[in-house]
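This report concerns only the one structure given below.
The first chain written gets the first letter, and so on, giving A, B, C and D; residue counts start at 1 in each chain.
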């Protein structure tokens, strides 16, 4: 299957279910893939932030990616995150992912170390050359503390280094300007823009984004597929209503006690708690050093699933 | 005229034209008000960030607000920014603005000093009590380095402290969640949400925002009014096309040389250069210590006005 | 009295005592000045961050500065903070301070709005021209979100715009490099470097700083004067021991409940609680919207004063 | 050799020399170790930020650490950085480093992902348990965007999780308070505090720090050893003079063109250019995506080496 150009629709960043011992739970991961494919997603994104890529060892990453590729079984393309600090490390992950059967790669700007637009361009070009797979830039300033500039993205789109962008910046203005610029340069047929802003998907699609990579799509893939289909058909009010329902559901990510855990524990813990309550995965554990949700938080997650008509 | 509840539509944050000597140019300011009122705006916002409130002395602020109130002449409500560091200082501005005839006030969270949600709530409550006018919270983390939390805004909406929110955070997710929450609590008829994200107005209106406060609306008020009317009528594709044209026009804010000036000089300088080229204001000068655009930048502004069919 | 060049020694940034009604308490402020002058300080700094300048109305600022000038009575120079967002506003404060009898001014880089090194230089040059008093740059990135670069400070030191620097950046490396550079250019006799890092004064003096502006010097001016005298005499071990005692005392600033108040409420509240417990000021109130310390916090402040042998 | 408790003196964070092809240059790395051991350092720190740990693949990290352990040959302890995003990944590096013969480990707080003090404590405890080697916390907010709190460090010092701290926060106040607190709890004999603020070493030693981890110590290890010896002997003026010379030399890190490269390229490029000019390493190349210094920059580095009497 050639990689879709452009890639459109819903591409959930898959959670990585773990066993109580902290190993990758392949059975649960396959069940998760099955569920989202059944819901009509256009692809799956393994080893993203929602997939706890930052928390998984290299061995766990390999196990998880292999399970996803196997479960997807060619029905939808598999995008693989190659999250690491700089070029050589990312390139190693890229080769591993290519060998495991990934269809495309998703890499961030360098992090931990100080960087610069010139260096960011070098970084993506080297990764693209090393791996021989379509490459998406992952714009996630909350994690890497750099925002990809429009100039950098456009240059790398024009020269074919990048096949697309996953925009998790949450910044609506720059995204709009990028979309207008891509259209002006005739690049919207070859370069995919996927928003990671799962609470403003209707607006992003109205602005011309090709699709969405929603963490919440682990929990409610059908909702995001409906939202996408409404938007594609020009049913904007219906799209907005679906988005509103999903925005209310997103409150599951706030149930963790801020005095006792960080935002990742709370949000990824909620996705997994929901998947566990929905019977998709066997165990809601998140990777160390994340802190588990307590019973009260899980109860709130359950209530919100009921409110969203998922339970 | 009672203050509109909720306030809907386009409310441009008016530039403050200056003379070559740096005084407030009342004639040009009145002309600017006339132009936006003619274009069909629902209100005007004096002394906001686009109005260089941070740069104007108290005397200049008074002069500018008086000119706006006089020019608006009761045809549209005048919102007045009361931008200052903390409560006592803002309260002084609030009283001055009330005396000058402002219809509502717009205040930020405390800045310069460290703050806290508890203190932010005290801050808005005291301002509201002191001034006796409808009060809008101005969420502008790029300036004040604090993001207003949904919890704070909701509490102050429910108890009547706030009449609305001007959201210049650029963060689409939190805005969506706030709108859903306001609707759930039955507050959307009494509490106005105006987006300051002038490049994602279509999406914000689709999400339920009441209106927009676009800096670029100084330059193209008709465009924003058309965008709003399209959205209100459910013509989302037309709204998006108008937004795209405005997003392309926004490139005027990038013409300044980054090695020689800051973002404010470049953006506010461009708004004023455009208004000067359009014949609305007499002089494009910005307030010290901002640096003027050079001739090449002004030429680019002119070209972009032509591209946008404004010249 | 000509302004000391360079200004050396301890220059406390005076708290601004308030009455229970929130007015400036001139009697208490005069008592505070008397106490620090008796302790041997080299100057006093009114209307700085510790003086709640960000919280005081213009009228309160005038009252406070007048009281300080009167109390100092020419015995030590009075530096006056002119804290505001940009040039025109700061210039107005500068003129007011000059009329009130200030001996020198202390101004920050522009804040609230985006700025740039070129604009920062314009800013300080205009303030210097307008006020006709020695001007200190106040480097306080925690408040203004810009760090003054060495290049900017050196240029403004060389051309006589700046008489000195108050470095509250807390960044030891850049300060050291600046001091070495000033010495290399022969500027250390004409340009004063005062550290605001009240917990590393010994190291700053060893590095060549001329003096210190310690918020904690409101509470223990004698301690800081001893520290300075030890350092001047080359008794570095004794200086360090004094600094250690003062660092332990600084724990008074941590007594506020983080869930209920911000850092300013906690720190400035502690300075005032201590001054109240020491009998220097009549009322420990801080300005709105700061939150008062509770009884348990005040008890901890008292215990720490006892530990530091001040009570 | 038991690990020194506490570890005192100069512990340079070794650069990792590369060949023109980008491989670890073991010969040059051994020469670098030899030079710093000869200069009298107390230990060496492999795979830190100066060692480009963020840029090296796992294979390169193994090669570099093995070369350092071999070259150190038990004469000084080898600390190994285990820089990665979260617990499982760091633990893998920790095991590898232990097998390679490291004497102690240096780990940061989690990064890329959101974290929390509770999670940071879990993180360090798990690493300590997994590796069975003395563990240093690496406080480097510029890289990981979290500052370790005193409360966290003290708790982990008291329960034996941490053997020490490498403080690269550049924040002098919190460091002083931590040192005072450690002394008060009787922990200064068992817990080592090493400053990474290479331009304020005299002040840090005066404040009670045990030693320094200076990136610039790659270039001038003898200078840092002299500085340390002066301080240990109470010759503070001589220590300060040595520090001043080293602060002037630090200007080598500023020679890179800011329009063309990031801070890491400029600083690490300068260390390597200097080592190359000094004849210690064969090739000044830095790892991708860093950008090389141009000839003019290298010439400036050379001049500064001459000024510092190293060439």
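Here, a residue touches a chain if its C-beta (ideal position, glycine included) is under 8 Å from a C-beta of that chain, and two chains touch if they have at least 3 such contacts.
Fair warning: this is a prediction, and the values are worked out from it, not measured in the lab.
A.B. asks: Among all chains, whose Cα centre is located farthest from the one for subunit D?
C.D. replies: B
A.B. asks: When the C-alpha atoms of subunit C and subunit D are each averaged to a single point, how far apart are the two points in Å?
C.D. replies: The computed centroid separation for subunit C versus subunit D comes out at 34 Å.
A.B. asks: Centre to centre, by mean C-alpha position, how many angstrom separate subunit A and subunit C?
C.D. replies: 48
A.B. asks: Does the chain-touch network form a line, ring, star, complete graph or other?
C.D. replies: Topology of touching chains reads as a ring, each chain with two neighbours.
A.B. asks: Can you name every chain pair that touches?
C.D. replies: A-B, A-D, B-C, C-D
A.B. asks: Please name which positions on subunit A make contact with subunit B in the complex.
C.D. replies: Against subunit B, the touching part of subunit A is residues 170-173, 175-177, 179-180, 183-184, 197-200, 202-204, 206-208, 234, 236-237, 239-240, 243-244, 247-248, 250-251.
A.B. asks: Within their complex, state which residues of subunit D touch subunit A.
C.D. replies: 22, 49, 54-58, 60, 83, 85-89, 91-92, 110-116, 118-120, 122-123, 126, 142-145, 260-265, 287-291
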